[in-house]
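Each structure below is given as structure tokens.
Same chain, two partners: chain A is paired with chain B first, then with chain C.
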Partner chain A sequence: MTLFLARRILQALPTLLGVMVAIFFFVHALPGDPARLYAGQEATASELEAIRSRFGLDRSLPEQFARYVATTAGGDLGTSFRSNQPVAQVLTRHLGPTVILAISAIVVAVIGGMLLGVLAAMRRNTWADLGVTAVSILGISTPSFFLAILFIYLFAVEWRVLPVSGSTSARGLVLPTLTLAASSLGTIARFARSSYLEVAGEDFVRTARAKGLTGRVIAGKHVLRNALIPVVTIVGLQFGFLLSGAIIVETVFNFPGLGWLLIQSIDARDYPVIQALMLVFAIQFLVINLVVDVVYALIDPRVSYA
Partner chain B sequence: MIRSSRILLSALLVAGFLLPQAFAQDEEVVVVSQALAHSSLNPAEATGLADASVIRTMFEGLVGFDADFELVPELATAWEVNEDATSIMFELREGVTFHDGTVFDAEAVKAYYDWVRDEDNAQPARGRSLLSDVETIEVLGPFELRIDLSGPNGAMIFNLALSNARIASPASVTAEGADITRNPVGTGPYRFREWLDGQKVVVEAYPGYWGGPPSADAIEFLEVTNAATRIAQLQSGEAHFIETVPTALVPQIDAAAGISTSVSESTFARIFPMNTQRPPFDDVRVRRAMNHAVDKEQLVQVAQQGLATVMDAPMPSPVFGYAPQDPYAYDPELARQLLAEAGYEDGFSFEVLTFTGDEYRTVGQVLQQMFGDVGVTMTLSPTERGALVDAIFQPLEETELQAGIVGASTPTGDADRALTVSFSRESWPPSSNNWSFYYDERVQELIEAGRATGDASVRQEIYAEAQEIIWNDAPWVFLYSPDNVAGTADSLTGVFYMPDRSLDARGASLD
Partner chain C sequence: MPEVPAASDAQAVGAAQRGAARPSLLARLLRHRSGSVGLALSAIFVLLAVVGPYLTPYDPARQDYLALNQGASAAHWLGTDNFGRDILSRLLAGARYSIGIGLSATFLGALVGGAWGLWSGYVGGVLDNLSMRAVDILLAFPGLLLAIAMITLTGPGVGPVVLASAIFGVPIFARLVRGSVLAVKERAFVEAALGLGAGGARVMLRHLLPAVIAPVVVYASLRSGVTLLVASGLSFLGLGVQPPAPEWGAMLSDAQLYLSLHPLMAFAPGVTITLAVLGFNLLGDGLRDVLDPRLSGEA
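Right after this comes the complex of A and B.
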């Protein structure tokens, strides 16, 4: 297992370097001058010059790239153009809210999605199944900006039970969580249902039944456990998306997470922050994929990485 | 498993709905929801309007602007500009202390401004360029000061009223390792409490304020870029004041109980600059034709629900020196005739880049139709802000722009700035905002002359002549000046938009 982990981590390094090259040149190819955007439309030439040299933009592109790789490898992510703070500090400040939001959304999505999916599978072709299907598809296909506005209108403006803008306080978290969880919940419910049905039709389930096991044991121990494997993959991927910053949800609810930060940084062409965010997102996906592989091994004894 | 998750779910729901609705608060906190992000609270550096609004509560200048953009005393009690506008005398207010306890006096002003002017300081670029005409600052007495300029500049006093010239405690900026962006120390009625990046800046009453402590105990400046979210906040009572209400939503807010909108004039302009150095717009007849082709009253109705003033001068009316001109009447027949005289009987086609966003899109579509009525075909290319800024800041040899739909503002509230930035030779892109590459020898002379005198009535006359020339040369289709539209809770007084679209929240008070 340790060997497997070490190999996977080593394999990730070239991927990360590739990501860094791509991000750097992508960000610098964006039209828009960070100094001009920072200083405002009315800035004079001498102000712009001062700002460019402060940002290091007066150097040649290869020189900037070399500095970027060197400092990043040394663990220094640079200084934000927009806020003049160390990028690491800016990221940490916004990472917390996103992690809290992603975890609360994935908890709601997994619990809700599994319950609904298994319920639908066990009551296949009844009204309950149909209802779950309808809810899942609504959750998947309703755009989050619409859902967000709908929730704000109902809960914050009409009934006034929850605040409009999000924050990491318990009340501020409810609406962004529900909005963000909706699509994952639908996806997980669909996967759980089909996976459960597939497994329930397998030979070993018939065998279990023939052994005389009760329906509850079969459902819990044999079917559900095996049905979880594809669901875990999906949960992993979904969590990756949630962590990469729910850009729309964070923007509408004014929730100060990484997605919100990304939008602000792109708008200001805050190169160091955009580059660092992209790198963080790439690392997140690498880590999550790794965790998913490990969890496979834990759930399914046939999978091993020895 | 099923049972425990059910309990968890219910617990989550209960937590969400039943937690106390509002935490009991002893202090009176005014909540202002702003449309733009905060990026710096260092007055000499901050360029954003959201920052300027917060900075105004914590910092004061020698002079400032009142609600009508007239100069008023702040830390100076009196000032006098000499006749040839090369030096300004100030008498300073006594009994003022900075939030860090430093005493405010002539030495403090000199120490702070000299720090701003020091080329070795990387940060205060904007403040330094405002003060670039300052030669020396002379302390004449404990509360008496003279600023000598390197040449005549009749507009200097307006520069000193700007946000970037507000004065910070010299001790706070020179302290070892001081992060001036985030540790603002001024003399204003409010002092800094906290800044949660991306969420809010909070300021609290400064008990030692020379004018007596302010009415509210604290002001929270929230950062809420989404307009729908701001409106929901006002409706739900989460915010007392919200910035930038889309004009289409004004009736909705006015119809609701306990909240209303307020509308005031701005120093912003929506303009349609035409490249006067390149055909077809190098012909003044074509440019006048374009002005006659647009029904500006209708444009204001469609794009702004009437909440804007049609321009009748090259600058909006709150600007000092503004001189109204004879409007270009809406007359498509005359427009077609002028085009024919210029050799464009069959019209012509061209492309414009515009900002994305509802207002610009609507303006573009209305203009497209009105130009179409006189045989001119305009193609619209909505462009993301950064890309558009790149495109419009190209020098004449490289620019591909024939015309644009852009905004212009005059944050100094003075004609010198308005004319220099938009119509002087030195402001041709890429150096500044003369988008139409306009040049007129007489206008250039007048701008110089206006700078060379401190006499307000003489300046007024000079600027009136310059505006008449520009108006007749029509380098822009002069569109409109959009109003500032804010939403306010009925319980709040004392927060309002300045014409430059920053807020004055110093008088905030709740019933």
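Right after this comes the complex of A and C.
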């Protein structure tokens, strides 16, 4: 298992390096002179020169890239143009809210999606099944920004039971969580339903039935457990999408997470922060894929570690 | 945002290859309950993108300061917005932006990604390996982030939104087509063409392309809904089509300020986008079900 883990991490490293090359060229392609952006419009030519040499902007591209990799690996992500604080410090401040939001949304999506999916599968071709299918496809098709506005209208404007958010308090977390969870909940419900139905049709379930086991035992012990395996992959993928889906949801709700920070930084042309955020989002994605692979190997004995 | 899982992609692909030869695809789709709804909805929205701007009861840009923020009425079926512009007219005129951008971005992503995968699978070897690592790198960025990064480079506007919404489909289509090419490449007719002295371009376009195009079409219909969500999302964030153009995401964004006063201004474009995305999603699901009954939830 340790070997499997080590190998998977090694495999992800070239991709990570490629991601850094991509981000590096992205930043170089950005419009505007970075030294000018940092120094402001009134800076003199000699001041600009000083800034260029301080940030290594006068070196060759390979040298600049090596410098970028070295400083990033050392945890130095540069300085925010906007707030003049170290980027790492800015990110840390906004990381917490995003993680809390993503985790609460995935919990809602997994519990809700599994319950609805299994319910639909057990009551196949009934009104309950049709209802779940309709809710899932609507959850997937409704744009998160519209769902957010709908929730704000209902809960904050009409019924006045919840705040419009903008805060990380428990009450402020409810609407962003529900909005962010909706699409994943729909996807997970659909997937759980088809996975359950597929497993329920397999030979070993018929064997269990033939042995005289009750429906409840079969459903819980035989079907559900095996139906969970493919759902894990989907949950992992969905978690990755939640982190980026948070860009829109956080912006609508004015929720101070990384997605909100990204949009603010783009408005302010705060390139060091944008650059760091792209790296953080990509690393999150790579790590999640890694974790999904590992969890998959753990719960499915057929997957070998080799 | 929802992503079609890889396993079902592969199944849809295989199914598409088998199913494409049968002529009764449309007939079977029409018999599929939700698929036929999806087909009808998608057809209506595509039609609106073409003729919508000619059907507007009012000039979508005309401001009427004597009729601000009105509710639904006989004169204005969906009311007016904060500038007194007729909302129905703006939705009709905006179909060209929203649907047009969504579909052309899907098409562009399929075209570029398809060409990439076709070439990569055909040349094989080290080049193929390198190009697939590039695909991995693109896939490491969440789709919306890639789109936003693109817009940061180009600035907002219609063209940039098309490019940005297309770019995150590129690696997915590249991987899909490359997989199909690898399977087809070893078949006798390709070897025969090569043996007869056909050049690379000829083999790719005349022999490989027709053999792998069907799954691309199916997958493109599945992607249209997601692309529409991303494109209108960009405009909603203010990074896409700029006001006063009546793009639906931008209209919804404008309506936020008036939510408590005039909710219809937000609901009208919101429901419209939802219906369009729903249509494309149902169509894609229906196509996949019809082409591979094993995956069908309605069998």
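The criterion applied here is as follows: the second predicted complex is superposed on the first by the 266 of 306 C-alpha atoms of A that agree within 3 Å, B and C clash if a C-alpha of one lies under 4 Å from a C-alpha of the other, contacts with A are read in each partner's own complex, and residues count from 1 in each chain.
The rule is simple: contacts are C-beta pairs under 8 Å (C-beta built on N, C-alpha and C of every residue); 3 or more make two chains touch, one makes a residue touch a chain.
Every value quoted in this text rests on a predicted model; they were computed, and no experiment measured them.
Asks: Just chain B (first), just chain C (second), both, or neither: which does A:Phe241 touch?
Replies: Only chain C; A:Phe241 stays clear of chain B.
Asks: Quick check for you: in the superposed arrangement, does A:Ser183 touch first (chain B), second (chain C), both or neither?
Replies: In the superposition, A:Ser183 touches chain C alone.
Asks: Looking at the overlay, does A:Ser46 come into contact with chain B only (first), chain C only (second), both, or neither?
Replies: In the superposition, A:Ser46 contacts chain B only.
Asks: Looking at A:Ser195 after the superposition, I want to know if it touches chain B, chain C, both of them or none. Which is it: first, second, both, neither?
Replies: In the superposed model, A:Ser195 contacts neither chain B nor chain C.
Asks: I'd like to know which partner A:Ala282 touches here: chain B for first, chain C for second, both or neither.
Replies: After superposing on A, A:Ala282 lies in contact with chain C but is clear of chain B.
Asks: Between chain B (first) and chain C (second), which does A:Thr251 come into contact with in this model arrangement: first, second, both, or neither?
Replies: Touch status of A:Thr251: both partners.
Asks: Output check: A:Leu30 vs chain B and chain C. Expected answer is one of first, second, both, neither. What do you get?
Replies: It touches chain B and chain C both.
Asks: Considering only the touch criterion stated at the top, classify A:Thr79 as touching first (chain B), second (chain C), both, or neither.
Replies: Touch status of A:Thr79: no partner.
Asks: Output check: A:Ile149 vs chain B and chain C. Expected answer is one of first, second, both, neither. What do you get?
Replies: After superposing on A, A:Ile149 lies in contact with both chain B and chain C.
Asks: Going by the contact definition given at the top, which residues of chain A touch chain B in one complex and chain C in the other?
Replies: Shared contact residues on chain A (touching chain B in one complex, chain C in the other): 30-31, 149, 152-153, 157, 251-252.
Asks: Report the residues of chain B in contact with chain A in the complex, numbered from low to high.
Replies: 1-2, 5, 8-9, 12, 15-17, 19, 21, 37, 39-40, 47-48, 122-123, 125-126, 128-129, 132, 181-182, 196-199, 222-226, 228-229, 232-233, 235-238, 384-387, 389-391, 393, 409, 411, 421, 430-433
Asks: List the residues on chain A that touch chain B in their complex, please.
Replies: Chain A residues touching chain B: 30-33, 36-47, 50-51, 54, 82-85, 90, 93-94, 108, 111-112, 115, 149, 152-153, 156-157, 160-165, 167, 170-171, 174, 220, 251-254, 256, 260-261, 264, 267-269.
Asks: What residues of chain C sit close enough to touch chain A in their complex?
Replies: Residues in contact with chain A: 1-3, 5, 7, 34, 133-134, 136-138, 140-145, 148-149, 152-153, 155, 225, 229, 232-233, 236-237, 239, 249, 252-253, 255-256, 259-260, 263, 266-267, 270-271, 273-274, 277-278, 281-282, 285, 295, 297.
Asks: If you look only at chain A, which of its residues touch chain C in the complex?
Replies: 14-16, 18-19, 21-22, 26, 29-31, 133, 137-138, 140-146, 149-150, 152-153, 157, 183-184, 186-187, 190-191, 193-194, 197, 230, 233-234, 237-238, 240-241, 243-245, 247-248, 251-252, 262-263, 266, 274, 278, 281-282, 285-286
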